[in-house]
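Input: structures, listed below.
Okay, so chain A shows up in both of these, paired with chain B first and chain C after.
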Partner chain A sequence: MRKYILIVFIVLLLCPGLSFGITAREIMAKSQEAFLYPGKDMKIRVEMRLISSSGKVRLRELTMLRKNFGPPGGQQKYFIYFHRPADVKGMTFMVYKYPQRDDDRWLFIPALNMVRRIAARDKTSSFVGSDFTYEDVSGRDIDDDRHDLVKEESVDGRDCFVVKSIPKKQDVNYSYKLSWIDKESFLPLKEEYYDLSGNLYRVFTAEEIKDIQGIPTVTKRRMRNVQSGHQTEVVFKEVSYDIGLTDRLFTERFLKMPPRRWIK
Partner chain B sequence: MYVCRTPLTGLRILILIHGLLIIIVTWGNAQGAELSVNGFLQLNYSYSVSESNPDGGDFKWAEQRGQIKLDFSSSNLRLFSKADLYYDNIDRDTDASVRELYLDFVSDYYDIRVGRQIITWGLGDLIFINDTFPKDYEAYFSGRPLEYLKIGVDAFKAGLYPDFVSADLVIIPFFEPNNMPGQDRFWLYNPMSTATDRDEQEPATKVDNTEIALRLYRNISGVDVSVYFYRGFFRTPSARPEDLRQILFYPELSVYGFSLQGRAAEGLVSLEAGFYDSRQDRSGTDPFVPNSQSRFLIGYQRQLWEDFTVALQYYGIYMHRYSEYLATLPTGMPSQRRYRDLLTIRITALFMHQTLKASYFSFWSLSEGDYLLNPEFRYSFSDNVWLALGAMIFGGGQQWSPLGQFDRNDNLYLQMRYEF
Partner chain C sequence: MIIEFSLKRPRTVIFITLIITIIFASQFPKVRIDTDPENMLSPDEPVRVFHNQVKKEFGINEMIVLGIVRDDGIFNPDTLKKISEITDRVKRIKGVVADDIVSLSATNNVIARDGTLIVRPPLQRIPQGPEDVERLKREVLDNPLFRDRLVSSDGKGAAIYIPIVSKEIAHEVGEEIRRIYSSMKGPERYYMAGLPLAEDTFGAEMFKQMAIVAPLAGGLLMILLWFMFRRLTLVLPAMVVAMLSVLWTMGAMIGMGFTVHIMSSMIPVFLMPIAVCDSVHVLSDFYEKYPRLKDKARVLREVFGELFKPMLYTSLTTAVGFANLAWAKIPPVRVFGLFVALGVMFAWLLTITLVPASLMLINPRRLEEIKGRNEKSRLLSAFTRLSVKRSRLVVTTGVLLLAVAIYGVTTLRVNDNPVKWFKKDHPIRVADTVLNRIIGGTYISYLIFEGKDADSIKEPQVVKYIEALQKYLAEHHLVGKTTSVADVIKRINYVLHDEDKEFNKIPDRKETIGQYLFLLLMSSKPDELDNLVDYDFRKANVWVQLRSGDNRDMTAVVESVSKYIKENPLPEGVKIQWSGLPYLNIVWQKLMVKGMLKATVGSYWVVFILLLIQFRSFWWAIISMLPLTFSIVFSYGIIGFAGKDYDMPIAVCSTLTLGLGIDFAIHFCQRFRQRYLKTGSYRDSLLWTTEGEPTIAIARNAIVVGLGFLPLVLATLTPYITVGLFFGSLALFAGLTTIFYLPSLVEIFKGRLA
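Moving on to the complex of A and B:
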């Protein structure tokens, strides 16, 4: 009998995904860690397809480098190099992301050999014209929202927590978000954003998850604006973690002269 | 018009250079380097709407242009070439120009760039204090794409990156002036209109005349801090009467400056200043050489809502030795103010998933009352084709004011580009 209780206890310990004792905030924090902070650093080659309601496709291809500074939820630096379309090829973009305030962003325009710092709010601006905002790409502070665990449900046969996140301040253009968080990997499998009048507005779906260096990674995702019919499909063509990005990479020097070995 | 400044014709130079490039690329391919080829085909027209040009034409600009960019990189070497071939419908002339052609060598703590290159620094948006590199104002005023505002210099540049500060050192042996609007296509104020003969004297290429520009920079707790130094020449000519002729020359200049940029007040705040040391007229008594000046700008930009950004700049120029200037100014010459200032505003709005961009930029001089308004719409039809329509509208001030003198040069422009 004692042995049986012990086994149950160990099973419970090994399954932090079970709803016993885990709060909605903890789920979202673990999800952010799994989704936006895996590895010490990361390199991905991204293909974005911006698809209009009539089916017209625009393509964006970029290499994104990301390095964590501090624990998950903390500071990160991003370096982005655009391969396509032709009119932005060679442009680079650098973001210092801070947990409690707006990002610092710099853009390099090769035709003028000019670095420009950009005043922008991450919460509502679209990332390169796509259906994703900057905040969708680099994350939102956990404590900017109030999180409630509303139910448990399965998505494509995977058990999920369903968390409702309500912004504490009216600093975004949605009133709340529902997230379906995989109990095992803590990756978001689906998200629904409801506009300020409470109608469904954007839907995120994780369409392909691969194990890369032992890290479950969403390698294909889609954000669909159900009101306008526009959608953006994002495919990670190459992903690698812990490649040893140096701090020095995230400086004006490399913004102007992106190192070939990192952007290839 | 700016064409590469060599005794050979542009086209011959282009063929020569690309012949060399093919050899280098063939050799480099064998060494495992990579070549990428990009470019564009472009239509660019600018129609004079206030009145015909002084030469009777109606277009400030009318051309078809093609550009080829070759980028050839290995791990620490890069060869880059950007060359244009174009047909000018106004002069009925085909020509070529090498916009950039340089070799990079990259090491851990330094890099070197040698060749024709575009250099840009400083914080101003179309206001240049510490960026003393050559500019093509004719291109800007006649509605050409913004990249044509900058002219490449044949220079040596070294970047040094020790941990505590970064440095860019530029050495320019060959003087390159600004390209100002020409008198055939633009109505301009000329104080010496009676002197019809003009003689331009550029600084000779010699060791003493080698220009030096230096920038030291680093980010200090979120603020981008730069310090600048330049020793060379004014790039906009001064005019001196000699007999019945007008001599255009480029007085000696040094500039010492700094800039700061960081987040504040929910936006981005910029501050840049520079002292213009007019080395040929420090006493301020030569009426044909600009006096020393202090220049500064304060900028603020903020995204007000999604895809809508507003940027403001205030720019001031203070003339030193003003009483000496007034005392020696020839009678009949319009006098400049001791302090001139202007405001700029830029509004940028993006629509339709950022494929349509509406922008508005204006200069408005508080001291002179003259202005330049530049509205523009740009639409991307696809990932490869975009079209821009805009206007350059000048006015206000006096017939000799920096922008007011362009009053009769309003133009509507079209830029269309296929990029590959």
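Moving on to the complex of A and C:
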């Protein structure tokens, strides 16, 4: 009898996924919390480089304010202010993200002094013209996918769970996604998206992780469309958590007149 | 000496020939085929370099255009569903640039509904009720970015533009697309067009055609020879010479690593009739002399004694004429010229070795029935009498006819259109006609605006200039549709101002334009605008769709744009440059026509110099050149009168005329002079040459060559038909002038020629 317990114990040791007693769904939920919902709110200065297949670069610089409403996986509001390119300085963009329905999005066009609602076509459409989608930035409902723990593997010397997520409904432009989730921080270190014909088409890599106010944060990331050769590199230049953003900020009024306090 | 050897050791000669043949034939498995007409230009030709650069910078690819036509209109849920389904399935074809497909269900439109800005394809979902359909119809037909490009104004036709990664796979992808729409049932008709498809399909069909036509030409040659000699044993050596020279030449070409291109695929058909010419002379002479002497070796010695020199010279002039093409700037033409030259010399070598060797091996009994004719032909005698007795009349008539033909040449129109390389009832031709009637044109060329700095294109004056030029082009009857970033900017301005017509224009401030474009990029995919502007907004790309692929028409459009720019100067620091396949074709045509003309004129002089050396007489050289000159001018005159365009195939032909046209005259003059030296009697020599074996052989050759090209007429591709007719007429003219006109000239100028 003791022999059997020993065998079970060894088997459990050999399968850390099981030994942690953690399911693929739980891994993804924890990862979402660590990656997309850290802190109560957050302010970042972002440099975004859109790089064409021939190596030409479009630079975008923006400040992003984000506030969580409710628990991880719940509602979020984003406020984005563009500093560069020069001719769009002052453009602002606001997104209300809801877990179970389409986003609300607004855009302020300074040249016309006009705020316009923009239709959220689908969550897999491009985020501000980059290779990232809205989903990549604000997340996808955990229960929209079926998650399977495929294997464990190390990425750059860090042990990872590899989770395969298959969308339950055909409402996205990929057939499945593989995520390499760091066992320690639960941050995704790598993701691979496969298109509807099963070919690899987008690859996400976390290239720099820093500890900010005790929160491990991916400060440099890249999304590469391996089929078109286009890629987007995102660098967080300044990050601060829990700065006390007010609810009032996320309104049309402030889109037109962004508060100097938050946006320099 | 070679001939003596062949007569004494026929078996050795045949054995050696066999070995060489095996060596050349063993090269065939290495064959590489190149069907891209673009390769007519060197890869470093500036226009090609620019074309490729534009393609890369703007993410532009060659386009196949698929048209969907339904007589009662495409705006019904059923047809719309098919368009969407075809688009989805085409996206999955290997080699299709899925992200850049332009289709009702793939290309974004900007609209405003209930105050919300929506960026999505008009056919994102299939409309169900009649109101839904009506709304879609209005959205599309009111929008200049879609009307006449994706849907015809009358709503009966829709188009899908399918970009492919490279032109070489156009035919293959086209077949995949055909499979997709063939599986759709319903009243819709489908048409597929586009220059890359035409060019690649031409390449694919070309080889099929050659596989049918070359053996046909060979077969016909054999039948013609049989009618002349009525002895298979005599026909066979000539045929073997033709086959082996083709085989050796192609083997050598493939073995040296050259690709088989459109030009070189024609080598067999060209070489065969030229290759048998010498053998026909030998056999003709043998046939006439054998009944008298009844000794094969003696007959052959006599035959070669007479023919060796003229054969060597005709082969040399032909070879040099072709080899002169090596100076052309067009790589495939160079290869073609050099290898046909080589083939001609192979044929000569085989004629003086293999032909006597195989004749030696023929059982004498089989030759007993040869009667030989009276050495005279009644028809030819009648000709001769007329041309010698009425020499002045004949020469004057000839000169007059020449003048008329020269007028015909001046009416020649240089033009080409790869789509017209197909017959009128070919699916590609039909699709081309239909699609160019319903949408703005399947011939897509690009006009590039290039500013000095990044963001130059966002300057209102630049965008407004582009808009004005587009308006001007829209008036041009050859231009079906233009599309540019100006259309996009106007559209956004209009939509943001709640579709107020007042705002259907370019904004006056650079920031506004910048923010509009940013707005669009923010709400769509990263490469949304890539087909219209480059990455840092330094260049804009205006799509100019033409309804006709004629180079002449593209040239007219290019010229009218130049004129516009002269009258309305471009904004400071902005340059323009054309690109795209239709434009590439006109540059290519210019090079081709100029190159071919230069090569032909060059060869003409080289041949003249060779003749001077051979005859050591200025006047004989001139006289020998005349039949050639006549036949060239007559052949082109006929093309001019017939209103046929001087296109690529005709340009190629022009370089080949020399090789064919000169032979008859050389034979005539050389043998006349030989006879004259022997007998010293001018009249006897003229009669002997004109009525006897030399002219019979020339007439036979004229018939062999003239009719030998006829099988080309059966081809389904028009260039082959053109080449066939052209060479037929050329050989007949050259034969006629030699037989009929040369004697008159000799008669008139006998004082100078003696």
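General remarks:
Convention: the second predicted complex is superposed on the first by the 244 of 264 C-alpha atoms of A that agree within 3 Å, B and C clash if a C-alpha of one lies under 4 Å from a C-alpha of the other, contacts with A are read in each partner's own complex, and residues count from 1 in each chain.
FYI, a contact is a pair of C-beta atoms (placed from the backbone, for glycine too) under 8 Å apart; a residue touches a chain by one contact, two chains touch by 3 or more.
All figures in this text were calculated on a predicted structure; none of them were measured in a lab.
In this overlay on chain A, chain B clashes with chain C. Of the two partner chains, chain C is the only one touched by A:197; chain B is not. Once the two complexes are overlaid on the shared chain, A:169 sits clear of chain B and of chain C alike.
Once the two complexes are overlaid on the shared chain, A:107 sits against chain C while remaining clear of chain B.
By the document's definition of touching, of the two partners only chain C reaches A:54; chain B does not.
In the superposition on chain A, A:93 contacts chain C only, with no contact to chain B. In the superposition on chain A, A:257 makes contact with chain B only, while chain C stays out of contact range. Working note: chain C versus chain B after chain A overlay, options 241-249, 331-339, 367-375 or 529-537, clashing stretch identified as 529-537.
50, 52, 58, 85, 87, 111-112, 114, 117-119, 121, 125-126, 128-130, 230 are the residues of chain A that lie in the contact sets of both chain B and chain C, per the superposition on chain A.
Every residue of chain A that touches chain C in the complex is listed here, in rising order: 50, 52, 54, 56-58, 82, 85, 87-88, 91, 93, 107, 109-112, 114, 116-119, 121, 125-126, 128-131, 196-197, 227-228, 230, 232. Those residues of chain C lying in contact with chain A across their complex are 56-57, 92, 99, 113, 115-120, 124, 455, 458, 496, 507, 509-515, 518-519, 521-528, 530, 534-536. Every residue of chain B that touches chain A in the complex is listed here, in rising order: 34, 38, 40, 71, 73-75, 78, 104, 106, 111, 117-120, 146-147, 149-150, 159, 161, 166, 217, 219, 222, 224, 261, 263, 267-268, 301-303, 305-307, 309, 311, 350, 353-355, 380, 382-384, 386, 417, 419-420.
Listing the residues of chain A that touch chain B in their complex gives 50, 52, 58-59, 84-87, 89-90, 101-102, 104, 111-114, 117-121, 124-126, 128-130, 173, 230, 248, 251-253, 257, 259-261.
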